[in-house]
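Both of the next two complexes hold subunit A, though its partner changes from subunit B to subunit C.
After this line comes the complex of A and B, so read on.
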């Protein structure tokens, strides 16, 4: 690799932010956050200078490695990842903890490196780095719960990486190339292609497919306030990006995504921890994106990745507002919050913008892109999926649009009268809220980033009909909420733990694991004990014959030795005689 | 980040005396909010008769208040049915803490 190639390799957001993360660790405490912001700004500046089609490749062990492949799809995700990374740096300005500051840059760096990867090996490296760097955010609170959760999180992420690697090996065997391209989940005969299936499952774990989703709820709410916000952005969206890159138009994704949009709604409804409610919201929102990618039309893919862009901003905004309430009160539980609108009106205002955006109210970010995904279902004349997505839209309104602001700032009066959120948090929330509104009112800059430009130039989200259908859906859902509250039919929040899929590996799985460990220990004791006895008896017998008291240790007379010498010499003479 | 800022004045420990009624609890606001909602719903439903999709993909879309009914019913369904999930999966707050 020449010096120019090396410089080109270093000049990409993944590397810049990684180096920045190490720089942050070495910097004095007071300079950590300014340096972090500077590194993100510098990386964004370098991204600005990149041209669509830029790439960097070199040969290693006869394999073509492509650490940088910049196209319209990667551009969209890199832009919004920079926005999210910058907002998180500002939001957590008060945090100087070395490991958290490191992870706040190194983890987004890994996600961005993965987005830029043009080959599977590069992706695999960044994929694993994303797992390794993000676990520090889960461990940051330094509690036993967060430690155990971090271990489970790590195990699942590493499992995803191992499956990914297996898939990469099989794909390489089939294609003799490591280049990332579209794959078909099934072969010509309709059977699953094992290589593609392994990659599909690896991405499915990261994007939190149904039944593989619970690491999100297990780990994210146990991180620090800022850590949860960072975590909410990158891993699942990197997987969404990879699905858009590799499995676009895969019909299985339509139903998987549809299920993802439904089941979290019910868990979010009964969940007391509002940060956990938002993690269910991540599953639901990613489900919309997966459906759009599954349809694979220009409209639906534009909708899916455009929705990912907006979602990263307004979902972060909701996490930030709940985080601000938690920062001031020490809790994110609905039963312990409520009535904060009195003293945290600015945070409330930003939270409402996030709620309106995620609910896709006209004029806010979700509105302009969610319609594209629904259009994808409608154009495919898939009535059931279309109805499911509408149902899920009502569900989003329930848990993210209403429950989050209502139980944090209104509902019962908790008696808490905390101060308004600190200035850095307000600035970060303000920027996110501003972007949510700007995208909602003037989406053209976002549209310019979408991959299928030929389609989007004809798309106008601000039609009277689109307004009416969305307002009907949402306003009548709010009406249902108001009536349920009025007639006391809305379930009260209850302090509880709600079992989910993680129960299987945390309780019976743990019991089975301990049983296996017990069996292995017992088996080891039996084998080791037997070996010890065997060796002991050999040593004892040897000692009996060769020891100081043994038969072979007796002192023999000189004549006996002379006799044996004569016997040996005699035998030698006979052998020589016979040989002649 | 320290999980929260527990300095006096930032939490309820350092409160000024907690007053019970704020603007959102005031009956005038509550009534105003509800009436605004009722009128908005009526306007949205009425608008469905005026602006309709020119080329609907499904027959349902052609029904002027389909989205209104669907939104109302589905939201109520989610809440009324979903709350029973708690009976199935709800456990004490310390459930995992006691077992891990």
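After this line comes the complex of A and C, so read on.
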């Protein structure tokens, strides 16, 4: 490998940021954050210099390996990933912890490397690196709880990688090529293609499909304040990107995505930890993107990835504002917050911008691209999906648009009078808020990044139809919230997740809504609790048999070993003699 | 006398003659230097032989000029040339490594005896690999095994449990060898010959009880030698309590040679003409999968790192058996690839553990706390080799897994597809037990307890040899083509015996 080709290999965001992560760790503590910012800026500068169609390929034992493949779709994700990584570096300016600083660059680097990957092996490597680097963010608080949660998180992520590898081997056998291309989940006869299905499940785990989603709520809120924000951006969006590359137009995705938009709403409504509420909101938001990819039309794919772009910014903004409140008060529980508007007005202001953006209020970032996804459902004449998406949009407003600012800054007065958020946090939130508004008012630069340019040039989000559709929805949702609060029917903030489900049944008038919630919660508890108990007892039992004292791992007396030999010989003789 | 004409005999003769000479040397450094020299010479000779076989095809050498089938012949094709190079190559790295570890663990006066036994063990393993005579296999197997029992017992200086482990190993190993020799006796009765190629020809069509019994005795005996589940019980204690260098050497060679000889008997001596071979292969499939899981699970719960790695070895044998059980060229090649790659992985891991034992005096998991700070080079060696064991790309472990998965999916039956998924699932167990070790190493250095206090830097030779082995893990992970090509061709030769192509 000549020097030039080595440089070409190193010159992409994935590698630059990875090297930067090591540089950061070795640097003196005081210089860490400035170096991190410099590395992100340098990487962005090199990205600026890349041309659409750039690629880098070499042959490794007869296999075509393509570490860099730069096209319009990867450009959009790389741009927004850089923005998110930069914002996080600024936001956590005070944090100098070595492993957190390392992960804050290495984990985005892995996600970006995955976005650039042109072949499955490269993707697999970055995929696993993303899992291994991000777990340090979960471990960063150094509590036993976060340690255990990190282990669970990593097992699931590695499992996804293992399934991915299995799928890769099968795809390679079928196609004799490792290049990443579109796959269809079913073959001509309508049967599942096992190779594609494995890849689908691997991506599904990372994008937190319903029933595969629990790692998000389990691990993300356990990380540090900054860690949660970084985590919220990359893993799920990398999976969304891969769906857009590989499974675009897969009808199964429409339904899965629709369910993803719906089910977190109920959990988010009754959840007390506001950071956990936001993790449910991630599921819900990713659901919208998945639906858009599932429709697979040029317009809906534009909408899905464009929505991902905006979502990364305003979802981070919401996480940042809750994080700022947590930084000052030490808690993110709705029951322990409230009334902070008196002393944290700037944070409140930014939080409201994030809330309006995620609720797709006209003039904010969510609005300009959500219409594209909803239009996709309408175009396909799929009324049920369209209604689900509308309902889910209203739900977003309830839990993310209203609940987050309301319980943090208003609601009951917690008596806490914290100082305004520190300057670096304010700067990061300010930039994110600024971007949310700019994209909302002047979406042309974002539209210029979208993959299907032909279908976006004449698209105008600011039509009367979109306004009316969205505003009706929003106003009714606000009205519903106001009425629920007014008549004290809104699920109250409760200090723990152990809601008394019976309580909901006994109060007349709300039976229908809360019966559904109760049922979902109870069913979930039975399934999840049962699973946990099952896993626990399996581990316990295997320890009994395989542990150092267990029958299968004991140092047996020599006679037993000899007996085993006789048993095997006897079995071999019998089997051979019987086999004619 | 032409050197190249005698080349096939030299890898055996050199260590065999050198071994007793070591006994005459003064204790200390000199026997060690001698052993290192012999291992390097053997390695060089093996590589020459490998090259010759690769270029010119199988080599036959008649010992003492007695022609087959009366005399003993050495028959070397790619399969044994590959295993031979592996055994001597591992010796060439582990022997230099051994010095400091042996000085610490073995009584000074015993060092000449130790290196004599080590060279005998090496000579025996080389002999098993090279010979083309069934009874000669037994002789060499016993030479290496007897030396091994002695070597394991020499761990008693550090931990008395080595004596029980060695005794158990002795009894079990002898039972295995006895079964094996009974099997060979039965074959002799059936055919009147001991030469492997001759055996194959004369066994053709003899599908009777005598041959079946011989077959059962041979696979059981060899199964014990290669630690096939449930005949693996001798292995974990023997590996755990043997001196560090011995564990590193044995883990990378002894069971691997047994796997090779199993392949030789299955495919060269018997072959697919016998319907019972298929039955045996199904047998291996089940036992292989059982080994992958039962031994991996046992490894997950170990608190002793050597014991953990030993159970992991038993699990890895499961992968090799699985590859063999496919009965295809791809499957056997994958098995051979894993034989080589797993030897690299386990040699590196056990060498790293040996360094820890030298400095901290224990191979308990607790002793590894804070190792990343104390011994960064050793710790990162463990991490890289551990990742290789798990099968991360750019390491040899990945090459093995990829080859095995491809072979399994290429076979394409339902049972095989399930086995493929089980391979993936059991890799997860490897992640778990290696992460346990790595996590402990990353914890802060203990401030009290037996493992507190400063630790001197490990000797340079040990670290150097460890990193050569780790480097091999990476190098052959990136340059997998040579090993894959040799293994493919070797497997084709092994299985091709049936169709008469090889001779």
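Couple of notes before you dig in:
Following the convention adopted for this analysis, the second predicted complex is superposed on the first by the 497 of 580 C-alpha atoms of A that agree within 3 Å, B and C clash if a C-alpha of one lies under 4 Å from a C-alpha of the other, contacts with A are read in each partner's own complex, and residues count from 1 in each chain.
Keep in mind that, in the parts below, a contact is a pair of C-beta atoms (placed from the backbone, for glycine too) under 8 Å apart; a residue touches a chain by one contact, two chains touch by 3 or more.
None of these values were measured; they are calculated from a predicted model.
In the overlay built on the shared chain, the residue A:158 is in contact with subunit C alone; subunit B does not reach it.
In the superposed model, A:542 makes contact with subunit C only, not with subunit B. A simple residue count on subunit A separates subunit B from subunit C, and the partner touching more is B.
Shared-chain residue A:137: touches no atom of subunit B or subunit C. Contacts of A:299 after superposition on the shared chain: neither subunit B nor subunit C is touched. Taken together, the two structures place no residue of subunit A in contact with subunit B in one case and with subunit C in the other.
Touching subunit A in their complex are the following residues of subunit B: 1, 3-6, 9-12, 15-16, 18-20, 22-25, 34, 37-38, 40-41, 44-45, 47-48, 51-53, 57-58, 60-61, 65-76, 78-83, 85-86, 89-97, 99-100. Listing the residues of subunit C that touch subunit A in their complex gives 164-165, 167-168, 171-172, 175-176, 179, 209, 212-213, 215-217, 219-220, 223-224, 230-231, 233-234, 236-237, 275-276, 279-280, 283, 294, 297-298, 300-304, 307, 311, 392-394, 402, 405-406, 409-410, 420-421, 424-425, 427-428, 431-432, 435, 478-481, 484. Of all residues in subunit A, only 60-62, 121, 124-125, 128, 154-155, 158-159, 162-163, 165-166, 169-170, 172-173, 542-543, 546-548, 550, 552-553, 555-556, 558, 560-562, 564-565, 567-569, 572-573, 575-577, 579 touch subunit C in the complex they form. Across the interface of their complex, subunit B is touched by residues 92, 94-95, 97, 100, 140-141, 145, 148, 224-227, 265-267, 269-270, 326-331, 339, 341-342, 378-379, 381, 383, 386-387, 390-391, 394-395, 397-398, 410, 413-419, 422, 464-465, 467-482, 484, 489-491, 494-500, 506-507, 510 of subunit A.
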